[in-house]
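As written, the chains take the letters A, B, C and D, and residue 1 is the first residue of each chain.
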Amino acid sequence: MAADELARFASMARLRAFEEACLEGVPTFEIHGELHTGIGQEAIAAGMIAALRDRDALVSTHRNHMHALAKGVNARALMAEIFERETGLCRGRGGHMHPFDPERNFSATGIVGASLPVALGYAYAFKLRGEPHLAIGVTGDGGANHGTFHECLNMAAAWKLPLVVLVENNQYAISVRFADVTATATIAERASAYGAWGKCVDGTDVEAVETAFGEAMEHARAGKGPAILEATCYRFRGHYEGDHDSYRPRAEKKESRASLDPIARYRGMLIARGKATADELDAISSQAKFEMTAILAAVRADRQPDPSGALDHIFAEVSP
Amino acid sequence: MTAGARPNVRNINASQAIAEAISLEMERDDRVVMLGEDVGRSGGVFGSSRGLQERFGPMRVRDTPIAEMSFTGMGVGMAMAGLRPVVEIMFVDFVGVCLEQIYNAMAKIPYMSGGRVKIPMVIKTAGGNIGSAAQHSQCLWATFAHLPGMQVVTPCSLHDHKGMMAAAIRSDNPVIFIEHKALLLKKAKDFLTDPHVPEEAYATEIGKAKVVRQGRDVTLATLSASVEYALEAAAGLAGEGIDVEVIDLRSVVPLDSETVATSAERTGRLLVVDEDYLSFGLSAELAMRVIEQLGPSALRQVRRHAVPDVPIPAAQSLEEVIVPGPGSIAQVLREMAKGA
Amino acid sequence: MAADELARFASMARLRAFEEACLEGVPTFEIHGELHTGIGQEAIAAGMIAALRDRDALVSTHRNHMHALAKGVNARALMAEIFERETGLCRGRGGHMHPFDPERNFSATGIVGASLPVALGYAYAFKLRGEPHLAIGVTGDGGANHGTFHECLNMAAAWKLPLVVLVENNQYAISVRFADVTATATIAERASAYGAWGKCVDGTDVEAVETAFGEAMEHARAGKGPAILEATCYRFRGHYEGDHDSYRPRAEKKESRASLDPIARYRGMLIARGKATADELDAISSQAKFEMTAILAAVRADRQPDPSGALDHIFAEVSP
Amino acid sequence: MTAGARPNVRNINASQAIAEAISLEMERDDRVVMLGEDVGRSGGVFGSSRGLQERFGPMRVRDTPIAEMSFTGMGVGMAMAGLRPVVEIMFVDFVGVCLEQIYNAMAKIPYMSGGRVKIPMVIKTAGGNIGSAAQHSQCLWATFAHLPGMQVVTPCSLHDHKGMMAAAIRSDNPVIFIEHKALLLKKAKDFLTDPHVPEEAYATEIGKAKVVRQGRDVTLATLSASVEYALEAAAGLAGEGIDVEVIDLRSVVPLDSETVATSAERTGRLLVVDEDYLSFGLSAELAMRVIEQLGPSALRQVRRHAVPDVPIPAAQSLEEVIVPGPGSIAQVLREMAKGA
């Protein structure tokens, strides 16, 4: 399965290169609001790709770019949206926290706790229509303490809806430490309160995520109700670009970046396994960087939306 | 005056008119689904979804747990998945637990997606005073109307209850459909406004106000149950030689201020009656739009009569002096007729 | 402990007599809004009395009268409030869903899911000030599916706050059956999701409730964080007076009224144990009825609030 | 024009002024507590509670999980238990998940309890546009103001940020304190309004508007960051011979329409500038109150300039034409000065 292994590595490389390209838009004010990247958390999105199908629905959060790419959203259109261009996925109206791709059943929200309900709606629609698709709702560890976590898992379980709740547990909600505001050691163990499937996995190990996510999806597909997959990880940058991030100890950040980098880890694993050489993997990384740099250049040539369209799209029809 | 005598008028209440509209729309379009507390087995606490679950099954008419934030968001997800959900928030007062999904998701996604995503979703909810105190009596239409991206429909006549619910369901826009508890259980024969509800499916255009009584002296614009109260007041005042034009606004968004301005220009006097809170609400918005249209000096008098920025008290003796009713409306009209 | 047993019986008799007196105000429109009574659920409130202390806080729901009485709220003032009188606990402003008694730290709300957060605030204040008081938040089975259940238990557990969550599980949220909308067989088993204490008790057995509530209070008092006590029961009347209640099968209602009446059950137990005769117990019931009838008569003689005061109390100070 | 040159002016930003106010009030009164996301270890995402947790400990300055509905209700319970909580809702846009506890509990309990219970509670939250798109840019002061029982404070000057936060904490009333993100990080030297922040504790009375620039031609009433924009516009127009009177409303509830009416009566022209949504908001309410006070024909012109009922777009090119700024304000003023 060397091909799969290289594909996984390439996915992670692409995700990181995409985020790094986005970073370029901050100092230039091309992205004039805030920006949240998922750098350091690539193994989770990459680990989802294998099990995701085209019509599955994925509803993400403020930290959504990598999930969008995993779901197959066009990178050029996504980056253009993040860079506030008319060519963006949403014509520059939505911006980086609110990308919508109806063709891929992908969406996101900037409001914590607001993603799972929408995913639940997709799950319900799939069940109602007898479709085999699944709905995946993403939340952070912080979002898992919001009431919607409870409400949605309870409903999904009571009605056996095909919902997978993916918890990206990076140990922090901005500055607030998971352990300081959470009753249990993991989110996954709450599964028992809903008769749901639950597992906590090392979210910096792309293969472990892929396996566990596959299991979660199978559980939901089998009509057994919701699954909670918690993937632990560490956020490598500030909560948003510009965050002082002084709430995380310097040593913790340093150590985590060294030991929890999913790309470096997988690189080491593949070399140790003799699946690829360092040069081969570096070439993949370069290729990803090249692709995203090209997209960035193209996006930068695009226009911002024409101000005359500022009032378009509020209502679907002209009000009578 | 009332419908009791009229033939061809079924003596149904507004809840029945609504249930009939939803039923017909569910029949026409199998993407239409309904969800909320007690909408299924019970048929709604006011009966406005009676019979639907029996007819369309528990998947299309879903009783939910008390989890408004999540089932409202579920409606948003359903709409994105191609369904046309009607989500009931039993009383509008409860919207504080789920406004998030209503104003940040439902109402904004069409715009945020650059027009790529439509949210054909109806929030159906009951407002208005029938003695239920501070947390179960509010109207709150202005709360929705202040937030862009949703139409806000507030029917009064029986005819409109059915027609505007159908229109709301057929609309590709998010619509807040606010019922008045006093109208839901009021029967055709007791309505002053149009009580005629054809049995077949029909939709009534959203966004047009209606002159429900013509008059020379004062233009009274209002909505929901207050239209009935206004007509009652106007009928009484006719005997005192005061001739009131009553306009049923029918929706708050869109707000048909043109119809009001046309009338007010003629009468020179405008009264806005509102069962919602006075300040930062419908009454100022409508009056200002009329003034903007006609110019500041076109009107001799402008008055607002609404709940005076106080929570609704439990005691009837207090509620009566807080909430506009036929008596207080008549009083204001008398004062205006005496004035310039 | 015959004295305790008779006191318990008397408590239940008083609670029921109070509610029955309230019923009188509905056809006369003295209570012109809706009315929710707890008839059939008396063993729960009565079972709390032994462990409740004066400064403990109790935050209840739309179905709150019996909790108020259990907390020691004056029956005359409470009934006057329900009957919309100026002599009421809140001068007729609050009404039956919104009684507030700051001296007893008792309050309620008409919004489902809104009681636990307020109770959590009391619990936090007690801990902050180092006071030994406990906070009890009441919810129905329906309210336990609201997101606040999750949020509050999580916070109370993370911070080890002295909170007892009392779940009155009468199997219905208005017409919606508990089992149709709930993932687990009990609410109490969710305790594991919060590392909390949890127990489900027969809420029509006043002694069982008293024992279990005592344990829950002890747990919270010991600084071990929150306790969930679920008490099963059946609501004997419609959700509110005037409810058609056709959503509950006739046979179910009949059987439940016969087998789950906490007062009849306790009456039978006490007679079987030889603790009291039927006549003695009937005398207690009559006494309760007499007390409440007298209060009702007094309340009926009270005035409604003067309309001139309709705008009082919106703000504490006159706005500058 | 700016404070750069002035001695005695500490070059702090509004976040620091607020943190200082809270700190002094916590020192004066140990019933004052603060809670919210990131208010503790991080000192607030805008730094407006920096240093408080170190100083007063984690029980009095509590970092919460993301559970606004419950921690807002917790604030209500704390207030009933005798504390004086300051609850931070990080961005006002998030209020849709917890409005319930704000408007049905915090704001109504004083009335519902017949005056027996006071809720001395402050909701502190940041609004306003700094490029954060539809779900992180709203102002929403009119949403609160429409609902009775809470004061709504919207400071602009640095001096007011400190003084009004202190007043809000000392008040026995529920207060919504809405900061503007652009002001929170703006330093004294860049303020056009009063940048002077004394180090000692002081409280500024809530409910009085302030004429921050005198002028003959047009009365411009506004609030929050728009006061700065208005002053900038007015300064530019002075060179064109247009003399604008600028009024800082400072609070939306109470709304000091008297001060505005007094000015507008003199100038005959009233412009309300509002960064909140146009319809069913502050602009109509204020204009109507002025008209009610002065009579319909006292004003030659009334204009409203606000966000035109559209979600805030992400792209700067769109945001700029949606949100009132110095340029667009100047444009409206020019049109008004040309008119009657």
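One rule holds in what follows: a contact is a pair of C-beta atoms (placed from the backbone, for glycine too) under 8 Å apart; a residue touches a chain by one contact, two chains touch by 3 or more.
Here the structure is a predicted model, which is why all the values come from computation and not from measurement.
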Per Cα centroids, the chain farthest from subunit D: C
Length of the line joining the C-alpha centres of subunit A and subunit D, rounded to whole Å: 35
Mean-CA-position distance for subunit C and subunit A (Å): 45
Geometric centre distance via CA averages, subunit D-subunit C, whole Å: 41
Sequence positions of subunit D contacting 2 or more other chains: 64-65, 67, 69-70, 93-94, 96-97, 100-101, 104, 111-112, 133-135, 148-149, 309-311, 313-314
In subunit C, residues with contacts to at least two other chains: 90, 92-95, 98, 109-111, 113, 145-148, 151, 154-155, 158, 180-182, 314
Topology of the chain contact graph, where touching chains are joined (line, ring, star, complete, other): complete
Complex contact set, residues of subunit A against subunit C: 145-151, 153-155, 157-158, 180-184, 189-190, 192-196, 225
Of subunit C, residues touching subunit B in the complex: 29, 32-34, 81, 84-86, 90, 92-98, 109-113, 142-143, 145-147, 173-177, 180-182, 246-247, 304-307, 309-311, 314
Interfacial residue positions of subunit B with respect to subunit A in the complex: 33, 59-60, 62, 64-65, 67, 69-83, 85, 100-101, 104-105, 109-118, 120, 148-149, 151, 171-173, 205-208, 254
Partner subunit D, residues of subunit B touching it in the complex: 69, 93-104, 107-108, 111-112, 133-135, 142-143, 145-149, 252-253, 255, 276-277, 279-285, 287-289, 291-292, 296-297, 299-302, 304, 309-311, 313-314
Subunit D residues touching subunit A - in the complex, by the definition given at the top: 37-38, 40-42, 45, 63-67, 69-70, 93-94, 96-97, 130-136, 308-311, 313-322
